[in-house]
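In this document, chain identifiers A, B, C and D correspond to the written order of the chains, with residue numbering beginning at 1 in each.
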Amino acid sequence: MTLQGYTAPLSPDGRASLVPPPPWHYSGDFLIVEYRTNPDNVIALLPPELEPADDPGAVCAMFADWQSCSADFHELVDPIQSQYKEFMLIVGCKYQGQPASRCVYIWVDKDFSMYRGWIQGFPKKLGSIHLTRLFPVGQGTPRLEPGARFGATCAANDRQIARAVVTLREISKTGPTVNGPPMYNTRHFPAASGLHPTIFELVRAGGYDREVSDIWEGEAELRLYDDTLEDLQAIAPREIIKGFRFSFGYSVDGVTVLAQHNEEAER
Amino acid sequence: MTLQGYTAPLSPDGRASLVPPPPWHYSGDFLIVEYRTNPDNVIALLPPELEPADDPGAVCAMFADWQSCSADFHELVDPIQSQYKEFMLIVGCKYQGQPASRCVYIWVDKDFSMYRGWIQGFPKKLGSIHLTRLFPVGQGTPRLEPGARFGATCAANDRQIARAVVTLREISKTGPTVNGPPMYNTRHFPAASGLHPTIFELVRAGGYDREVSDIWEGEAELRLYDDTLEDLQAIAPREIIKGFRFSFGYSVDGVTVLAQHNEEAER
Amino acid sequence: MTLQGYTAPLSPDGRASLVPPPPWHYSGDFLIVEYRTNPDNVIALLPPELEPADDPGAVCAMFADWQSCSADFHELVDPIQSQYKEFMLIVGCKYQGQPASRCVYIWVDKDFSMYRGWIQGFPKKLGSIHLTRLFPVGQGTPRLEPGARFGATCAANDRQIARAVVTLREISKTGPTVNGPPMYNTRHFPAASGLHPTIFELVRAGGYDREVSDIWEGEAELRLYDDTLEDLQAIAPREIIKGFRFSFGYSVDGVTVLAQHNEEAER
Amino acid sequence: MTLQGYTAPLSPDGRASLVPPPPWHYSGDFLIVEYRTNPDNVIALLPPELEPADDPGAVCAMFADWQSCSADFHELVDPIQSQYKEFMLIVGCKYQGQPASRCVYIWVDKDFSMYRGWIQGFPKKLGSIHLTRLFPVGQGTPRLEPGARFGATCAANDRQIARAVVTLREISKTGPTVNGPPMYNTRHFPAASGLHPTIFELVRAGGYDREVSDIWEGEAELRLYDDTLEDLQAIAPREIIKGFRFSFGYSVDGVTVLAQHNEEAER
């Protein structure tokens, strides 16, 4: 008998893995605020392989309320295994001259998603994230109509990270733009000892069978807080661009390795 | 200046109250499993003012995924203040010869809902509750169609309480029945010292502006666990009746006091 | 058979109660920061029965890391039922000319303690509280010695409430003073409908078998945050007095009712 | 400017890393139950490089209540960054003929410890863990004396994992034995795509500056639950050996790679 598993913990039947093997299927609701910050501080968050975007200070603050599962869908009936919420900050950039994006910070509220993210190059920490929900009946919900307001918050380590409100105005013709181009993240995993990583590679995120609802847009507010473990004030909003609210689904079967980062250049 | 507030903590401007004043507006998704248990153990959970139901062993296990707010709707854009999930066990009974219901156990995941429940006679404890969600796009979600499966779980004090799965078959002609009649709960609050309550009164739950989606029904599974602080094995399922899944909204403006319980009879 | 229980949920054997009957026994570690704020805003938090203290702007910010149990000690071996942490703001005042204190805001991380607090007039909300611990071995702990630093934080609703650090200097000759006098809180519970409380009475907190360790004192830092549901900026520190760190144990058997608040005067 | 960090997220100043660089200092309290289970099922959890122990069915169920920090101790004053609790199942084995141990399952309640564990080959999942605490005063605490009882629980994904009680009898002459020998774990990290790991290596855990309190031993109870994601019934207790309670501190500076696992042999 041999030990099985896509991730540890390995076990005789493989069922103990923290993350089940790909593909993974996702359905979610999104609340996005696009804004501009100090471009120098965005550029400082890019690895050498990525170049500044044409609008180098543009940032996407994205809250997502997800339900996901693996190939046999079994997690869907045990919702604690399938549901999670996350908040991420995505910056624009270029890769080999083409528009690109990069997730620079991200928080999520479940372990399986945190680790599945690390496998794909998302540097996830645990956080607590909330988004206004849409319900079909009753008065305890906004509707998809002009003037409807959707809010979202993120905290981590009992420190406030972000708070946003989007007021719907109309169905968007363009949708959000900063997070639109392919995303280039870094898979990173430290060595058994010492400070140099064993894994340190530039990857391009994948995904297929994308499906999206109507995208609503409107005015937005966003606050990034000052007492965080990360230096979020460096990329705090100077100017709000726009807010968006929509639902999105897709499937993922891993990411593509593009380059091994040059560690000497990095550290 | 005087201290203000619908509940404590009282403060000069009243905004510190744990619960804002009624009315409260609710929108939610429900997953229900109706089952039969030992009738004697249901009857043992009724106060003297309530009589056994015609089907005295019928119980409703209800999971609810709520978003609620007060009169000015301000909580909706700060979703941690408006969202909560709960699980409750509701038994059938009669009051003055008419069909009635009673919530005998209930767990919820937020403080404002826990305390708002106590005000209305729901004996809420904190728990962790999860329900399968419905999303409009992607493969990470069931659809409202025959064969779709929705699950739910409840735990409290790191002890498992309940696990359910409902498999949709068709749109229900009747909807659930155990929780249908008016609900008669007990408002209870201990005295400053000693074992006798200061408040101990039978109340009838209220509600108006009810709105309900299509109600789907189908087969169901339910497990109540054995290592709980409450004696849930006494009312564990002997026979599953049916499962239901739907959305529901209403508003509440308090409950009606029907009688002062006779404490001597009770204790 | 009749329904039993010190609190709801009532059940045939009474074991389902959220809170077991008194007496309750407590052991805990404390981190305290005493400070001065705007006296007018402290006075605005007092009910008519209480008068300003001689040093009317003095406030005690108290973090506590508790383990408690009821008469048969059974909760001690199921620590999720016995452990909790809390943060409270206590102001000085007078009652009938004698030094007194009052808990104006308090957050706790367990339901049984939240409800047990309401019974005694502590207006508890749920929060997340952390205090530096003291361990007997290893380097992952401060020691009880000059220069040792102990920190504490509180958040609620994913909003930061307070952050404190106390640097020990010496064993205190006086101990903390603001929270020393008898504490006068308000038991408050709303009516079944309407805005007027059913219970609204001034009580004096009790306790016996007090036991205290050496009390260390030293310099302190305290921040109350600006984006809270309560108006904490009104009583934010203008001047830090001193910090304290010690362990404390006692037992409680209820509180004493002193007066019915005059609701007309209050609202 | 280049991106810095021991782990992702990388940032210009490096402070955003989920885990700070080693060394890490630890202080903790332990509750241990040693028991025997089906030896075949222990052996089935060993990789090919490890051989069965002389007592091949012996297992150590270890609950730990930790406070840890990195080289500059800064996490100690922000206790949410330094405190965590964990539960692990450790089996005995041999490496090259010498007594060894291996952590086969482990749950922890903080992200930084979860990820720091993965770096060292501990296959950590998130869980909720509680241990009875020891306080110096009051009646809300056991004392270190014969007959004192300490309990502990672990749950994960709202499923119960383990519950233990140890009743102290005397100071132990031997201390626990299963977890005593050097620990051999597996560092494992999946590839960017596909099912084969990028990192898959046998490592020996390290540690220095060990410090231990008196070790108390006594009778013990342990239950592993049946409705878990992992197959814990395979290694459930057949016979309880003994329980232990003590405090422990040490420091860690990484682990040592001993071999690359042969993936073909494993999968």
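Everything below uses one rule, namely that a residue touches a chain if its C-beta (ideal position, glycine included) is under 8 Å from a C-beta of that chain, and two chains touch if they have at least 3 such contacts.
On a predicted model such as this, the values are computed, not experimentally measured, just so you know.
Student: Which rotation angle, from 0 to 180°, best lines up the CA atoms of chain A with chain D, given as a multiple of 5?
Tutor: The superposition gives an angle of 180 degrees.
Student: Could you compare the number of C-beta pairs in contact for A-C with that for C-D and name the larger?
Tutor: C-D
Student: Centre to centre, by mean C-alpha position, how many angstrom separate chain B and chain C?
Tutor: 30
Student: Round to the nearest whole Å and give the separation of the Cα centres of chain A and chain C.
Tutor: Using C-alpha averages as centres, the distance is 39 Å.
Student: Which integer distance in Å separates the CA centroid of chain C from that of chain D?
Tutor: One centre to the other, that is 35 Å.
Student: Check each residue of chain C and list the ones that touch at least two other chains.
Tutor: Residues 78, 80, 128, 130, 153, 158, 163 of chain C touch two or more partner chains.
Student: Chain B touches which residues of chain D in the complex?
Tutor: 128, 130, 153-155, 158-160, 163, 225, 227
Student: Spell out the part of chain D that touches chain A in their complex, as residue ranges.
Tutor: 1-13, 15-16, 18-19, 21-22, 41, 44-45, 47-48, 78, 80-81, 104-106, 110-111, 114-115, 118-121, 123, 125-126, 157-158, 186-195, 198-199, 201, 203, 206, 229-231, 234, 253-257, 265-267
Student: Which of the residues in chain D come into contact with chain C in the complex?
Tutor: By the definition above, chain D touches chain C via 25-29, 66-69, 73, 76-80, 82-83, 128, 130-133, 135-142, 149-153, 163, 165, 209, 211-213, 247-251.
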